[in-house]
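Look at the two complexes coming up: chain A is in both, with chain B in one and chain C in the other.
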Partner chain A sequence: MPMAPLPQFSSSVKLKYVKLGYQYLVNNFLSLLLLPVMAAVSLELVHRGPGEMVELWESLRVDLIHVMCYLFAIVFVSTVYFMSRPRPVYLVDYACFKPPATCRVPFSTFMEHARLIYPNEKSVRFQMRILERSGLGEETCLPPANHYLPPKPTMEASRDEAQLVIFSAIDDLVRKTGLKPKDIDILIVNCSLFSPTPSLSAMIINKYKLRSNIRSFNLSGMGCSAGLISIDLARDLLQAHPSSKALVISTEIITPNFYPGNERAMLLPNCLFRMGAAAILLSNRRRDARRAKYRLVHVLRTHKGAEDRAYRCVYQEEDSEGNSGINLSKDLMSIAGDALKSNITTLGPLVLPMSEQLLFFLTLVGRKVINPKWKPYIPDFKQAFEHFCIHAGGRAVIDELQKNLDLSAEHVEASRMTLHRFGNTSSSSLWYELNYIESKGRMRRGDRLWQIAFGSGFKCNSAVWKCMRTVKTPVDGPWANCIHRYPVHIPEVVKL
Partner chain B sequence: MASAFMLFYCFLNIAWVVFRRWRDRRCYLVDYVCFKPSDDRKISTEFSGKIVERNRRLGFPEYKFLLKVIVNSGIGEETYGPMNIVEGREESCTFSDGLAEMDSCLDSTLDELFKRAAASGVTPRDVDVLVVNVSMFAPAPSLASRIVRRYGMREDVKAFNLAGMGCSGSLISLDLVWNVFQVRGKTTAVVLTSESIGPNWYCGRDKSMMLGNCLFRSGGCAMLLSNDPAMRRRSKMSLRSLVRTHIGANDDAHNCAAQLEDDEGLVGFFLGKDLPKAAVRSFTDNLQRLLPKVLPTRELILFAARTAKQRLKWLNKAGAAPAATRINFKSGIDHFCLHPGGAAVIEGVGRNMGLSAYELEPSRMTLHRWGNTSASSLWYVLAYMEAKRRLRKRHRVLMVTFGAGFKCNSCVWEVERDLDDEGAWEDCIHSYPPKTLANPYFEKYGWINDEQ
Partner chain C sequence: MSSDQAAVTGHRFSSVVPGDVTGSAVVHELAGMDLIMKLHYLRAVYYFAPSEVVDGLAITDLKKPMFPWLNVYYPLAGRIRRAAEGGRPFIKCNDSGLRIVEASCGRTMDEWLQAEEGGESRWRSLVPDKVLGPELYFSPLVYIQFTRFKHGGMAIGYSWAHVLGDPESATNSINLWGELLSGNPQTVIAQKNEENTEEPVITPQGPAPAPVPAPAPIKQVEIAEDVWLPPTHRKMATHCFRITETELEKLHGEQVPPFETISALFWRCLARIRSRREPELATICRSGTPAKNNEILHNKFRTSTVKLDSSAASVELLGLATKILKQDMDEALVDGDNTGEQDFLLYGANLTFVDMGGIDLYGLELRGQRPVRVAYSVDGVGEEGAILVLQPPQRTDLSVMVILPEDEIPSLCRVLSSDFGIA
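Now for the complex of A and B:
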């Protein structure tokens, strides 16, 4: 009888402890080095005795003036150091739009409407197949205009949807944080596929009577990763202006983007995109540090647009009948993988612990110098982060990232469950995922969070946050009345 | 001795941090290129008349109204429109037409800008920040991504695509770049500003929405900016201050200029009757914040003294309220770049600021030659001043724009060296100013001004 399995098991256990020991050694190298140094110093002290120590002190000929000067110098150097550090950016709180149950689109409604709107049977069957494998649930929501037969993508309806989702999110945020609209210094709105004039930011300034010297920006056309682009811009503005508060609104307006044609690649967004919005309050005031939930550590942007293939993989265009829609190419997954690799190559040295960086460096050197056939070492990002928020772009995106980063099911649970409950809400999905993690009571003080989003262009943006205080399970919010049902098992195919 | 040295070192350190902070507030306009469309895109009054005639929805009252607007607009015979309108397809503009219109502007201006920038050693791969602002057209992927692809920019370029920000979008883009300059080290930025006319043509009968069709024309501008002190010698101007005012909190101001659907569901740009009032209010707010930063203290004190004296006089004698005391803008500003939104806007602002015909000439001539090119129009006004050799070293230039929302943004530049580039005005600067700005078709269509 072969004895192979048992030795394999014991060797893999030994390997696990070796790895743990190695990580502990490298990451705490400096502190471990301190021990022998302190031992040597204390031995020396004991040797010499107190009398010799006093003699040594007096030989330095230190008097009051010298002491004052040195103290003065130390104080000045530390002031200069603190003055020249960039201001920290805190996330005080955020709120997500909770769609009303009247806007729900269960599979049956979606398919019934599809059969009535699309005369082409093939288009209907295609959408059904997509929906079956999409990972979406029965509670995702579409705006009121999309419930009409056929949908009414007018500008007025689009503005109504914008007012509904954005104002609800801001009202929630004001209630949670006690924010006074007059205190907002910076306003950034990102909405990719609806940009009326005057902008959505002007609409918010009008509704909440914001100050006339506000710095407002309206980003558009920047895709599902625009939320992190807004955070990046907010960070730069907060670092340029002391004692300021920034309100960032991330949303996607679905109403004007209904695709009535028959081009398959352009029917996908109809099946996946759903209504959503998030309002985020950022601040650089020291007094907000006490009540802030997170501190922004890094934001990294990667733009692969210089490559033609990447540029064209999410492309808005007109089909042969003149209907406008978003064309998703089949290359999307591989391009997303490439973009992710570029992003984490820059992010790795900033966040990975020394142990992982050393291994990566040694493997790199080994491949170059010793043997090019060595497998490249993919750093273990689970060492750097406790929580992951991967943009819920679609099931395939989450699967791909889980595989690439070697993440467990629990790490991607927030993304999968958000896709199931809310669908692909574009740039606001990261905030629904974060709310899921908080609702599950998993967010502790000191935890590090990584948000990754992909968008048309092709961009991969990521943000790293550090949790400043253990977050209490929220009693309201989008997950409040359904978190107890999650996580759910999402089958590969839901038969319709 | 050692302690004295340490103290000195600490002071040096603090001085360095303060100096670096001050230096990083610099923003140099290294170069800019205004878009000159091809001659086959010119739209004359006669051509405009033909467009109006072929719109089946319009009856005689609308025809009369439109011609009146066109003839009295101050817009000349050589402004440019998008290709689909020139080809007679104004009512059926496709998505690719919209993209082609943008491409013609992006390619032409950025090619020229990078060609000139190569002389300073700046290539597209050196660009750190890219801001694109086109108010009424925001495709996915964004126009910013389109530029990144066309010029092969770096992966870590910070691209921003602003939309919906109206005619004052170029100053908002400048504000964005200036803020990023203050927190990043040596940075190079490219700003592209333009407007999309083709997809936003109004085909209906609402008079307040037809004005946009008459006034807006094709144009654009690409700018190269830097905060590197080494670029100062090569740059044209440096930014001294920028003030943004948003009075959207007032409902009338917010609703006076907006993209709306008319009763038939056709989308057009509505310009309401409250627009001049909103412009005046936002302008006053803006000047109140801007002037203390740019006028010399002597003028501010004199103004305060004059106002106080007038108020006292009014308090002593009963009667009508005193007229507002004039502030002498020319004590701190040498040139005025006013947004050529329309003849009425230029006249109104000029009158309020007490400007002469010479000072208003660049804006009037820009309106005549290029029409209202929305956010990029200021740069044509600036180019006129440069072509006329008016911009000399240490002169100060004030730029003022208005935008839907309602916004008033202004900024003050200081000229770094004597400028003489004719740019987009190259082939016609010598014929400006013309003897008369009156529309040549005034006689032909003049009967429309007669009231019946």
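Now for the complex of A and C:
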């Protein structure tokens, strides 16, 4: 009996070494190939002797004109090559809004307010069940207007919240980077659900007295993945304009979006969405490369809106009583899974090492040609990235992605802990997660980071960053005074 | 009365919670004395005169210090729970929070205070009159109302469930909030944190012993299931009397302290009014001795019971006052065996006189400004009635708040003005 497990163990160990050997071989194939070639050439040289080499050279009858032409050709080709490379985009630094304790919403207060606001008991019980399983903690924050019974979402209150979150984040960023407002060339703001006139970007330009020839953009209605859309837009603009700095603000304003009705699918956002904002400084100047934290490697956007099912998945509409809210459909998770598959199919060849791509290709060919019953090979993205920031849309999203990508608990820790401490802060959650990784001292030079965001539409956007300098702890940011308490164990169901 | 209520409008409700997470299993046990007081509620109104300081305080300025304040006084933000069905109540410190009410009044503060001089109880519209229940698990223990008057000035109404603590605890707590608002938080919080280290742990000792007849100052009443209010058959009302220094001197000279004199005075008057059932027993409540283990929330009274052999009206004023003064304090009213299965009343079980003299009612300071007047009352008083004697510092007049059955108040006013010239 004790003999039976042993072969299994030794076979799994053998398999592990086989895998490692295979990866090493395939990924370093060219270098490995180069060694014997170089050995052969140097052997040949030694064999022939220097005299023969000089004879060979003279037989080519190369004179000055030829040399000049060759030189000219080389210089021309290399210039064209260097000029056509895209400008690097550096993330100099970023700052996240830290919600004040005065906005804190404990579970018990949320439930008590729900009982007082919603006359329908089923709605109250539904929200309680959601909250119990949500993965949120007791320190998440709602804006001041939502602490009233009932919440009174006026335009002024919404503007106040916007000013509070956005200006705090920008002030923090200015303090960290020494950024002068006059140096900002490009300003991009994304906030999905609150879009006043003049826009939030105009509000920022007014407050910080930015230049009159600034290129400002305000993206609204693009959902929780709009943060990466803004980064993509900034990157494209930085290609077109040399020596520029771009300020990107990602936020979601909660005040105007309180849903007072009874439709269950529309009550979810009330329970999950919380205050948050992030300000990111991007630059394409060479001299910023030295102090930048990250360099943007890829941004990949996938839009599934062409399918009706995906389009209606996250839909803002009025319920039968006339209350406006965001309807989340039941097949949200399956649509998210599809969108993710599309995204990683495009991302895979760009980031995966050759070993994984070869395996994937071989399995694909094998399924088509040899036997369709072979299991599709899911590439191991853990070999391509050291850190993962999955949009903290909800516990289900993180669970689903952890399963699909076969990630360990430590890989998704940043996402889970951000959901616990700050709730679903929509487009800015990726930055809170990144701040968590930095605050834990895990970000080293050369590490690769993958940010994945999902949003209404239905969109799945990815960004790949490479770390340019090790980030030293302690890190100044929203996690500063509570990072020592994390990670915490989040139970499946919290007893309320 | 209804016009007063109509004058206060624009009520907005919100909640304030502790700034830090209290924890998932923190419980504030209720001592036996706390449970005796569970049917009573303290209502205080602090009037602040119009000034730049007070009118410049926005609601956010008023709410902001409450978050660190509740870190210290976290039981105020909790909710009542019972151990099991019908078991002993305790406070679960789950950060549910206090309820804050914002309102505005269409009258000016001077107008309002002048009307109060006449004894009308307009203060009722300035403080929430909620009680614990019918949803016991979701009833806030403390309410605070901020009412702004026309042309400036503010009234702060503080409603406090007596189960949390006595008037001294309540007053100290709101004074701490005032100190935090004014600045200077470090020293104050550090001090309070030292005091807060020990929680009174009351372990019920086995099954309840056979019910012992309640000691004299308290009276057992029928169990209040979901709404914690005493079962009164008569409607209670309040009235405020102001007794000036000269009137006081006329009464006693310098032989007996003011509280005893006033108590004797009102006892005699009530004896005259209640000719059929004269109050022979009276309970005297004074602030307790400083708690030994520095709990910041406690119900610690010293009570004494005065029994008269004959009618109070026949005893001479000075003699009655001296008897009250010399009366010994009762022993501890109850020990830890009270499992909360029985409900009691303290105020109004017998005619109760409460000495508020030792309590720093005027100590609530908002950035250097103190209240011009403080009105204080108790809800949930029994039918015998209660009389609170408030002595503002640096003032020599006394305020006397009487809580009596509605129909007794006009007669009392008549007797006082005719015999003693007190309006």
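To be clear about the criterion, the second predicted complex is superposed on the first by the 475 of 496 C-alpha atoms of A that agree within 3 Å, B and C clash if a C-alpha of one lies under 4 Å from a C-alpha of the other, contacts with A are read in each partner's own complex, and residues count from 1 in each chain.
Definition applied: a contact is a pair of C-beta atoms (placed from the backbone, for glycine too) under 8 Å apart; a residue touches a chain by one contact, two chains touch by 3 or more.
None of these values were measured; they are calculated from a predicted model.
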Does the chain A-based superposition show chain B and chain C clashing or fitting? fit
In the overlay, answer first, second, both or neither for which of chain B and chain C A:Leu434 touches. neither
Please indicate which partner A:Thr109 is in contact with in the superposed arrangement: first for chain B, second for chain C, both, or neither. second
Chain B versus chain C as contact partner of A:Glu317, first or second or both or neither: first
From the overlay on chain A, compute the angle at chain A's CA centre subtended by chain B and chain C, rounding to the nearest 10 degrees. 90
Can A:Ser216 be said to touch chain B (first), chain C (second), both, or neither? first
Looking at A:Leu149, would you say it contacts chain B, chain C, both, or neither? Reply first, second, both or neither. second
Winner by number of chain A residues touched, once chain B and chain C are compared: B
Is A:Ile335 contacted by the first partner chain B, the second partner chain C, both or neither? neither
Nearest-approach distance, in Å, of chain C Cα atoms to those of chain B in the combined model: 14
Going through chain A, the residues touched by chain B and also by chain C turn out to be none
Per the contact definition, I'd like the list of chain A residues that touch chain C in the complex. 101-102, 104-109, 112-113, 115, 137-139, 144, 147-149, 152
For chain A, which residues count as touching chain B in their complex? 65-66, 69-70, 72-73, 76-77, 79-80, 83-84, 86, 154-156, 192-193, 195-203, 205-206, 209-223, 229, 232-233, 236-237, 239-241, 301-308, 311, 314-318, 322, 324, 326, 342, 346, 456-459
Contact set on chain B toward chain A in their complex: 3-4, 6-7, 9-11, 13-14, 17, 94-96, 135-136, 138-146, 148-149, 152-166, 172, 175-176, 179-180, 182-184, 243-249, 251, 254, 257-261, 265, 267, 269, 282, 285, 289, 404-407
Quick check on the complex: what are the chain C residues that touch chain A? 12-15, 17, 19-21, 60, 63-64, 67, 79, 94-97, 135, 138
